[in-house]
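Labels A, B, C and D are assigned to the chains in the order they are written; within every chain, residues are numbered from 1.
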Amino acid sequence: MSTIAVPHEAHAAGAHEHHEAIPFIRRYIFSTDHKIIGIQFLFMSLFFLLVGGLLAMAMRWQLAWPSNPDMPLPGGSVLPETMVTDGIMLPEFYNALVTMHGTIMVFFAIMPLLVGVWANYLIPLQIGAPDMAFPRLNMASFWLAVPAGLLMLASFFVVGGAANAGWTGYATLSTSEVYSGVKLGQQLWCVSLVILGFSSLIGAVNYITTLINMRAPGLTWFRLPLSTWALFVTSVLILLAVPILAGGLIMLFFDITIDTTFFRPEGGGQPLLWQHLFWFFGHPEVYILILPAMGFVSDILANGARKPIFGYHAMVWAIVGIGFIGWVVWGHHMFMSGMNPMLGGFFMVTTLIIAVPSAIKTFNWLGTVWGGNIRFHAPMLYALGFVSLFVIGGLSGIFLAAGPVDIPLHDTYFVVAHIHYVLVGGSLFGIFAAITFWYPKMFGRMMSEMLGKIHFALTFIFFNLTFFPMHMLGSGGMMRRLYDPTQYPYLQPQQDTNVFITINALLLFGTQLIFAFNFLWNLWKGKRATENPWEANSLEWSAPSPPPHGNWGGVVPIVNRGPYEYSAPEAEADYWPQTDVAAPVRAAPVSH
Amino acid sequence: MDGFWRLPQNIATFGGDIDRMFIIIAWITGIVFVAVEALLLFYLIKYRGKPGRKAVFTHGNSRLEIIWTTATALIVVVIGIMSRGLWLDIKDPRRFPEPGLELRITAKQFEWNVTYPGADGQLDTADDFVKRNQLHVPVNVPVKVDLESEDVIHSFYLPELRLKQDAVPGMTIEAWFEATEPGAYTVGCAELCGLGHYRMRGSMTVYAGTEWDTWYQQEIQAVAAAAGGAAPLAGVEGDAAPPADVAAAHVH
Amino acid sequence: MSTAAAATLDRAGSGFGVYNMKLGMWVFLLSEVMFFTGLIGAYIILRFANPDQFAQPGVVLNVPLTALNTFILICSSVTMVKAFAEIEQGNQKGLRMYLLATVILGMIFLGIQAVEYTVLTHEGFVPMSSSYDALGRDGTPPVEGGPLYGATFYTMTGFHGTHVTIGVLCMMFTTFQAFRGRYTAESHGGVEIMGLYWHFVDLVWIILFTIVYLI
Amino acid sequence: MNTPGEAAGATTTHRKQPNYYLIWVFLGVLTLAEIGVAFLSAIPKQVLIIILVALAVWKALLVAMYYMHLKFEPRKLWWIAAAPLPLAVILIIIVMMERW
């Protein structure tokens, strides 16, 4: 691998401290090393993923056997009377579960899993930088996210319980204790999200600066891996969307706390103004939650298919296009809100148009698999799972984007199915793919291929059995956030479907234990990983596994080509690292 | 197909168009879905890794990409145009048909209060009367409702009428529907509105022409009898709308 | 871009012709723009929806005082930029003098804002009350208004004030560093990014002054 | 972490300095002009608003261009700096089209 001696200012970032010298606490707790921070985010957000999953299980139990004394909530006895009384969940607690499941999964699980973990870990490694532009800010961003999460969890145990106005916190239910019975919980919700917002914000500043300024020699914009491209656009979305949410949350907090009336009609406030502010942030947020996964999947598909990604430029422009159009579609969340119908018509069209870039990406993924020489390693399976499930999530979006069809479907389980096909079938499968793919680089050990494949198969099956029937529940008219569907006579015939869904949801949850074991066990027991176990091209694979502090030990790699030169005719092997000048000779085939 | 999707019975004049669009989109997306997944599966089997073989080395195909981009764009634009017209017919007050009956529905935690115009057919007059959680309408008559809320956001949801519209505090939102079949149906709340959200349920009764007149006259008499119809809120009835008979009378 | 060109261009820290700290500050300021967009946007929409709640300019708010304050902030901007100009020439004395002046002007701004708040609250102009009854200036009778006027006013000016306070604190640090001779003609990034933040805060005030006090 | 040292090392391109005091005078005069139009003139409200906003934008541009040196920065930075403005406009315009 050809390198150049690094100019002083380049590795001033990381390499000015030699990590032998760093004491444990500075190295693993208050570390400024982007890799350690990424790993810290990984453990934090996996924990919150578990919490959010548990909340979902409790909800599913209530939905399958609503207030049924013969089916008491398992473990309900340990919960205080204000949540569960003799095995039966209280409606206000159910609403708190709905709210906190959404909030925790979106803000503390999926968002950090995609951005906090991989933007930190991958960007410097994929652009050949020794570290982030502002390592101390980077550390601050993590150590702001932790207290935010703790505040959010703490709100369960305060007077009145956790926020229960939904993860969208619609005024006026969220602004008035009289209506919701919750004050402190809702205040903590606001404060926690503002802190987390600031954390993501300084993260985004860091990622953007790093990407613009610290790319290795030869690494032009159109030689960046799609992961990095997606993370760049995502950072821009975070940078510009999160402040709007912060402003809205602050006004909401004032409405709750000092009795202002920004969103309360008593004083001329506008409940719809909150919805506009929230969704002006919220829709870019939706793309924040899917774009990085699209990036990882593109990289992994190319690697698994041993083929250049199909239509690289189209893929980049699709990401950028989503980043632009994503700002003018937020109104489709408000079709039934009493919004001006003319505006509804406008948002309908923009929303349908944004389907185009997503379609482009899907077709390009198909094109990537076509004519490949596919290796079905675990990351590849997750990536393929992403593609097949994201298609369903994307297509069900068309129903909801078409206003008239949205009328019966809005706020029903059809929406729940849609969001979970995108966020679980999409984002979470992308996350599984990314974790299994970069695990060797992160920890220097391999995860078990066999366990990975079993986990993939079971998750794929139980996921579909859990969420596909929700489309039927929804078009059958079952509303979201419904504590007890059997209250509605016309929903009673669907109750058996709810039981079926709950059973599969429990199995889906149980399946994740396989992943947890695979992840934790191999931290110590996994077989040692080579520098480039997947025979991949991008820069991170030219660093040692795991890379030292400073990543390339005081040198920066020179980039000679794009990241997708798999099976190039001039190369003897079916891959050609970005740093190599000459084509490599075929290495011994890796065991699969 | 709508059996598969379990769409509720449709008794709305515009419901047929909505269901038709639903089915059209279901076909389009269904075909795309099957095509993509089948193709994916086929490629995975056909191009599974074999030692010694090398993958096709291509960076893409501009013509192909232009074709599928424009194709997708065309489809979604067509869907967009189709939906926009229907959307405005249903939601834009300027396009509402001349109403045969005007009601005000005031939502509050956790009930729907329906104000009927009374003898003079005018709202906000002395002879208005209110029924809690009971919506009574004549068949084949365009009904216009003014939705209001006293506390939080609720969502006025009539599954069989393909109607859903939020009731927002501080706003008066107009909606309309025309039922085509007499019978007993459901009024639901589709927006999380507090701990009683799940039981914020009302009943809707659609009367054939003459039955409607008799029912309406009875109510007017009752109001007149009670306090001479002085207070607008006189004669609040039907607190005990027994869910049982709603369920019983509920015909699909 | 050819590899050779890239090698010179993408050398860390200069891929953009703008060094990291400065680019980072600019990128951060973009998010600040969006933050104030949220607050100002809410104000515009709420006022648009309830015109009757907002008194005419000068009736409740003390425009002359605030105009003076605006001018003070503008002066602090010019001292800030002069400080930067001085250190670019390597003039330590000028740098310290101008930084000190900026800190003092910033403090005066905050002081005047504190006075303004105190007077207004004593007059009953507060964010939360359902209506206020402020003394009319220049002989106009007491004004009946709505709660949104106070709420939006204190939120916008308050968050701007918070930014000024943070700015003053950072400026004190910069000044301290300047007296320790940390900055030279070649190396004064700290002064420059401090200036960027300070001028941005000034810029926000220019907008706020117009839409809150004059319209 | 780039210390100011190596940082500014990248940027000591000795440009000619604009006359900062002149800008300052401009800003002062514009402020007076604003107050003048706002209080001493009988212009109808709509027009007044347009004029005042225009003056404010002018002042803001002066600060950005000269005090924040945008005028002397690479054009690429102009684009970055301008990025949020269309979003701000979109948000406010679209929400104002609501039926308030």
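As a convention for this text, contacts are C-beta pairs under 8 Å (C-beta built on N, C-alpha and C of every residue); 3 or more make two chains touch, one makes a residue touch a chain.
Only a predicted model underlies this, so the values are computations on that prediction, with no experimental measurement involved.
Across the two interfaces under comparison, A-C and A-B, the one joined by more C-beta contacts turns out to be A-B. Averaged C-alpha coordinates give centres for chain A and chain C that are 35 Å from one another.
Distance from the chain A centre to the chain B centre is 33 Å, each centre being the mean of its Cα atoms. Averaging C-alpha coordinates per chain places the centre of chain B 48 Å away from that of chain D.
Centre-to-centre, using mean CA coordinates, chain C is 13 Å away from chain D. Under the contact definition stated at the top, the residues of chain C that touch 2 or more other chains are 13-14, 16, 18-20, 23, 27, 30, 34, 37, 41, 45, 49. Touching of two or more other chains is recorded for residues 9, 13, 133-134, 240, 244, 268-270, 272-273, 338, 342 of chain A.
Each of the following residues of chain D touches two or more other chains: 2-3, 6-7, 9-10, 83-84, 87, 91, 95, 98, 100. Contact between chains, as defined at the top, is found for A-B, A-C, A-D, C-D. Only residues 1, 3, 6-8, 10-16, 18-20, 23-24, 27-28, 30-32, 34-39, 41-42, 45-46, 49-50, 53, 127-128, 130, 146-148, 151-152, 155, 159 of chain C touch chain A when the two sit together in their complex.
Contact residues on chain B toward chain A in their complex (touch as defined above): 4-8, 14, 17-18, 21-22, 25-26, 28-29, 32-33, 36-37, 39-40, 43-44, 47-51, 53-61, 64-65, 68-69, 72-73, 76-77, 79-80, 82-84, 86-88, 90-93, 109, 147, 151-153, 155, 157, 159, 162-171, 173, 186, 188-199, 201, 243, 246-247, 250, 252.
Against chain B, the residues of chain A that register as touching in their complex are 90-92, 95, 98, 164-166, 170-173, 176, 178-181, 265, 268-272, 305-308, 310-314, 336-338, 341-342, 344-345, 348-349, 352-353, 355-356, 359-360, 362-364, 366-367, 369-376, 384, 387-388, 391-392, 395-396, 398-399, 401-405, 407-408, 410-412, 471-473, 475-477, 479-485, 487-490, 492, 494, 564, 566-569, 574, 589. Remark: chain A residues 4, 6-7, 9-11, 13, 129-130, 133-134, 137, 201-202, 204-206, 208-209, 212-220, 239-244, 246-248, 250-251, 254, 258-262, 266-270, 273, 277, 556, 558-560 touch chain C in the complex. Listed in rising order, the residues of chain C touching chain D in the complex are 13-14, 16-23, 26-27, 29-30, 33-34, 37, 41, 44-45, 48-49, 57-58, 63, 67, 70-71, 74-75, 77-78, 80-82, 85, 88, 182-183, 185-192, 195-196, 199-200, 202-203, 206-207, 209-211, 214-215.
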